[in-house]
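We just call them A, B, C and D in the order they show up, numbering each chain from 1.
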Amino acid sequence: MTEPAWVAGVVVIPLVGALIAVLAGRRAAPIAVVTAVGAAVAAAALVRQIARDGVVEHAVGGWAAPLGIALRADGLSALFVAAVAVVGTAAIVYALAHPGTPHRFHAAWLLGWAGLAALAVSADAFNLYVALELLTLAGATLVALASEAAALRAALRYILLALAGSLAYLFGVVLLYAAHATLELSALGAAVTPGPVTAVAIAAMVAGLALKSALFPLHGWLPPAYAGAPAASAVVLAGLLGKASFLVLVRLWFEVVPPSLRPDAGLLLGVLGAAGALWGAVLALRQTRLRRLLAYSSVGQLGYLFLVFPLGTGPALAGAVYLVLAHAAAKAALFMAAGSIERACGSDELGALRGLAPRMPLTFLTIGLAGLTLMGLPPSGGFVAKWLLLGASLETGQWWWAIVLVVGGFLAAAYVFRVLRLAFLPAAGAAAIARAPRGAELPALALALVSLGLGLAAAPPLALLGAGP
Amino acid sequence: MSAGLAIDAALALVLPVLAWAVVATPDLRKAIVLFMALGLVAALAWARLAAPDIALVEAAIGTGVTGALLMSCVPWAESLTPASRRARADLALAGALAVVACLGWAIRALPEAGPGLTPAVLGALEVSGVEHPVTAVLLNYRSYDTLLEIVVLVAAAIGIDAVLPDDDARRRLAPPARSLVGVLSHLLVPGAVLVAGFLVWKGAHAPGGAFQAGAVLAAGGILLLFARRLRPVPFAARALRGALLAGPLLFLGVAVAPLVRGGRLLELPVAWAGVLILAIETVLVVTIAIVLLMFFPARVLASSRAPAATVEDPP
Amino acid sequence: MTALELVAGALLCAGAAFFLAGTVGLLRFPDVYTRLHALTKADNLGLGLIVAGLALDAGSVAEALQLGIIWSLVMVSSSLSCQLVARAARRAGVAPWRRR
Amino acid sequence: MAELRAAVALFLVLTVLVGMIRVARGPSFADRMLVALLMGTTGVAVLVLLAASPGAGALRDVALVLSLLASVTVVAFARLAASGREPAAGPAPGHPDAPAPAPAAATVTVTATVTATAAATDATAAAGADAAAAPEPPP
């Protein structure tokens, strides 16, 4: 192999950086920056490699698939790795500028980065479990860094439910391995036949992953975790870690689940996703704190993703993946903005937003731009995603999903405008407001622009996705 | 019915009953004893299932570490209001029964135990550097999983440090006292170190390995901590982090080295595989032991100082 | 069956009997100190007999040696554990049982 | 011989199970701890018996580990149960000035309540100081 193995590189670089950051303790920040640059370069190289050569495989240790672990990077992997690089780097810049970021953030986040990269390029059911475990531990740690009683409780709930989800997934992996003596996803896909083993295994894996992706009605753990975590942690949790299990679910669904099982189970997942999309948006409307509002908005946006299961491959899958990307950038930007506002006002009560817009123009510009993706308005990335999903639902004659998408968009508009309206109202009193550091506002704005840019230049990412299996 | 089958039946009957009792017992202290009993019965069950590797882990973690950890948490847990720690035993039971029913249905439909990957595992054993198939899987064929698992442990270490920061608690511990526990640690800790080394060495050709050895070493460390002969080292101490990360960093170095020469991640040269695996396992023992010991920071050790009156149950 | 096997078997059975005695004591004795007494002494002797029986039958010297190490470890740890439990009970104010 | 070993192992498993009654009966924590002692010793015995079967020699290592570590929980128990009157160096653990997240904060309540109970029996003067801060009188 003459070309550097970027499939392995995208995992190894954040892994090395994470370990050195742990070693560095309080002086982890410069290491995080260097690692972010290195990992971003690796991600770009992987994207280039896949755009040119298509799917890339790497047999770890030189052991071929049934015995060893296969890494496989397709268009989906490349896009996700790229999203991790963009959002992750912005989060590190934000953490540097945001006062009060816990010093353990960098190490915890780099561990999460490594887990996300490992998950994106894995083609092995058990290896995916290990990557999910790494994300569970890193995620709970990111929440617990806040070290307030409420955050610790949220972290505990996060880890217990995530472990329950992992365990369910593992049950399924064990059954599939017992039946087919392989863990490689495409080999499993070729081997499975409808029957009790497949049904129970798939049900356990899907249920576990649904719990981990906060599918309605299993979403209860998410809002306290996202709202209680430190600002920088919430950025990567809501932007990236929250989507990891969905990615595994997509792989499982389209590579392993036998087509005969897909319609009924897909319908169930779609109904739950639709319910979550609406329920999350309604609850977001009822929140009185900005970060809880954003967390419930995440429950809603994650719900849309599950519409891919009744709608199938093709444009629907492209739409869901695109929503993952656009939402990653937009929600990360919004949580950055919320962190800056919380820092400036001392609280993230919505009431404290009154009259804030003129004082923090960049932050509210960010909220407005990123809000476009939540609402699914053109020219945002969220619009492209929803357009693809809408098209798929009309094309397959399942028009009812289109209603969910449209109604959800209106609800999202309602809560986004609620925030913006408050901010542009005249200030109630002359509350003392600390200025948000520019370094914390700019990465947020950059990510909001990325979510917008995804809408303006949708062709290259969608073409890359076509380089999939 | 042969005696072996009768043992299996007894274990199979007792395991779920004990597990249920652990969940359903409102008295925490009673539940801890039941939990330790559950661990022992589970170790025996793994032994009967011809899985000595797992029986070793269960014996080391279940009897050595978990029991001590739970005991250390009693003062804290008992301070919670009864309502907040009432277990929903009924829900747990219903969930467990449903899971058992589904798994039973699926397992009945599994094909007759075929050879699985065993021929492949044994076929490649010659070039794996070790003679024990479990070790070959963990540290050669699927060493990438093990590498990531070790990183999971590092993440756990950061998490523990975030939840139980140990920056200032050092001064609050009593100085070492001459005590029975001290005598016990004098007698047993050297044994624990020896057994840990023995298990690592043995892992190359028989059940054993870094995880089991790390757990044994950690149990020895717990004895020293309780005897106040070892001070909890705060995570902020660079020496601790260095010792913790030496293993993962070496492992990662071995993983990356082939990439530089255009090979595959974690490709072990056949001639060196045995030595490299032993080296990696040896340093990982320290990592695993340290992470387990991090569950006993000074704050937890200090809070286990509950007065004697609570030994007796309230009338 | 050789004489050696006969002896080994007898040792195993004797060990089992001591374990039974320990359990009966644990259940029937009146307070924690007497139960401790029954338990640790009877069980350690029972284990010793079983180890002896197995050592007679062992395939190699190393195996017998390991059995011996196991037994001595149990002796050390359970005698000290017994002390620890008794002291804990004593400090907790558990009064020793007296015949009325 | 193999049948005899298996029979003895079965018998030992059964004695342990019968001994579990003591966990239910108690009455004290120490009594329940006895069952842990019983299970340690008997578990070692069962494992060495099982290990004598051909091909199961690795179980002797399990017995070795068990025999080595059985006392760790007893030590933890002893500390939990009996270190109430050990002199503390520096401020008492769980002292209100501890800059603490949940567990240590919880310790405040625990030490306070339980030391109050201790004071009712024959507490030391050191414990009495804490007992003064107890939120409620011992039962």
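Quick note on the criterion: contacts are C-beta pairs under 8 Å (C-beta built on N, C-alpha and C of every residue); 3 or more make two chains touch, one makes a residue touch a chain.
In this text the structure is predicted, and so the values were computed from the model without any measurement.
Student: Which one chain sits nearest the middle, judging by mean Cα positions?
Tutor: Most central by this criterion: B.
Student: Which pair, B-C or A-B, has more C-beta contacts?
Tutor: If we tally the C-beta pairs in contact for B-C and A-B, the bigger total goes to A-B.
Student: Provide the C-alpha centroid distance between subunit B and subunit C, rounded to the nearest whole angstrom.
Tutor: 27
Student: In angstrom, rounded to a whole number, how far apart do the mean CA points of subunit A and subunit C lie?
Tutor: 57
Student: Using the average of all C-alpha atoms in each chain as its centre, how far is it in Å between subunit A and subunit B?
Tutor: Each chain's C-alpha centroid was found; their separation is 31 Å.
Student: Roughly how far is subunit B from subunit D, going centre to centre by Cα mean, in whole Å?
Tutor: About 18 Å separates the centre of subunit B from that of subunit D.
Student: Going through subunit B residue by residue, note those that touch at least 2 other chains and give them in order.
Tutor: Residues 163, 165, 180-181, 184, 188, 191, 308-312 of subunit B each touch two or more of the other chains.
Student: At which residue positions does subunit D touch at least two other chains?
Tutor: Residue numbers touching two or more other chains: 28, 30, 33, 35, 40, 57, 64, 68, 70-71, 75, 77-78, 81-82, 84-85, 101-102, 121.
Student: Tell me, which residues of subunit C touch at least two other chains?
Tutor: Counting only residues that touch two or more other chains, subunit C contributes 73, 77, 80, 84, 87-89, 91-94.
Student: Which of the residues in subunit B come into contact with subunit A in the complex?
Tutor: The contact residues of subunit B facing subunit A are 99, 102-103, 105-111, 114-117, 120-121, 124, 140-145, 148-149, 151-152, 154-159, 161-163, 165, 236, 238, 241-242, 244-245, 248-249, 252, 255-256, 259, 262-268.
Student: Considering only the defined contacts, which subunit A positions touch subunit B in the complex?
Tutor: 1-2, 4-5, 8-9, 12, 15-16, 18-19, 22-23, 25-26, 58-63, 66-69, 71, 102, 104, 107-108, 111, 114-115, 118, 126-127, 130-131, 133-134, 137-138, 140-141, 144-145, 147, 152, 155, 171, 175, 177-179, 181-182, 195-197, 199-201, 203-204
Student: Which stretch or stretches of subunit B touch subunit C in the complex?
Tutor: 180-181, 183-184, 187-188, 191, 308-312
Student: Okay, in this complex, where on subunit C does subunit B touch?
Tutor: Residues 73, 76-77, 80, 83-84, 87-89, 91-94.
Student: For subunit D, which residues are in contact with subunit C within the complex?
Tutor: Touching subunit C: residues 1, 4-5, 8, 11-12, 15-16, 18-19, 21-22, 28, 30-31, 33-35, 37-38, 40-42, 44-45, 48-49, 52, 57, 60, 63-64, 67-68, 70-71, 74-75, 77-78, 81-82, 84-85, 121-122 of subunit D.
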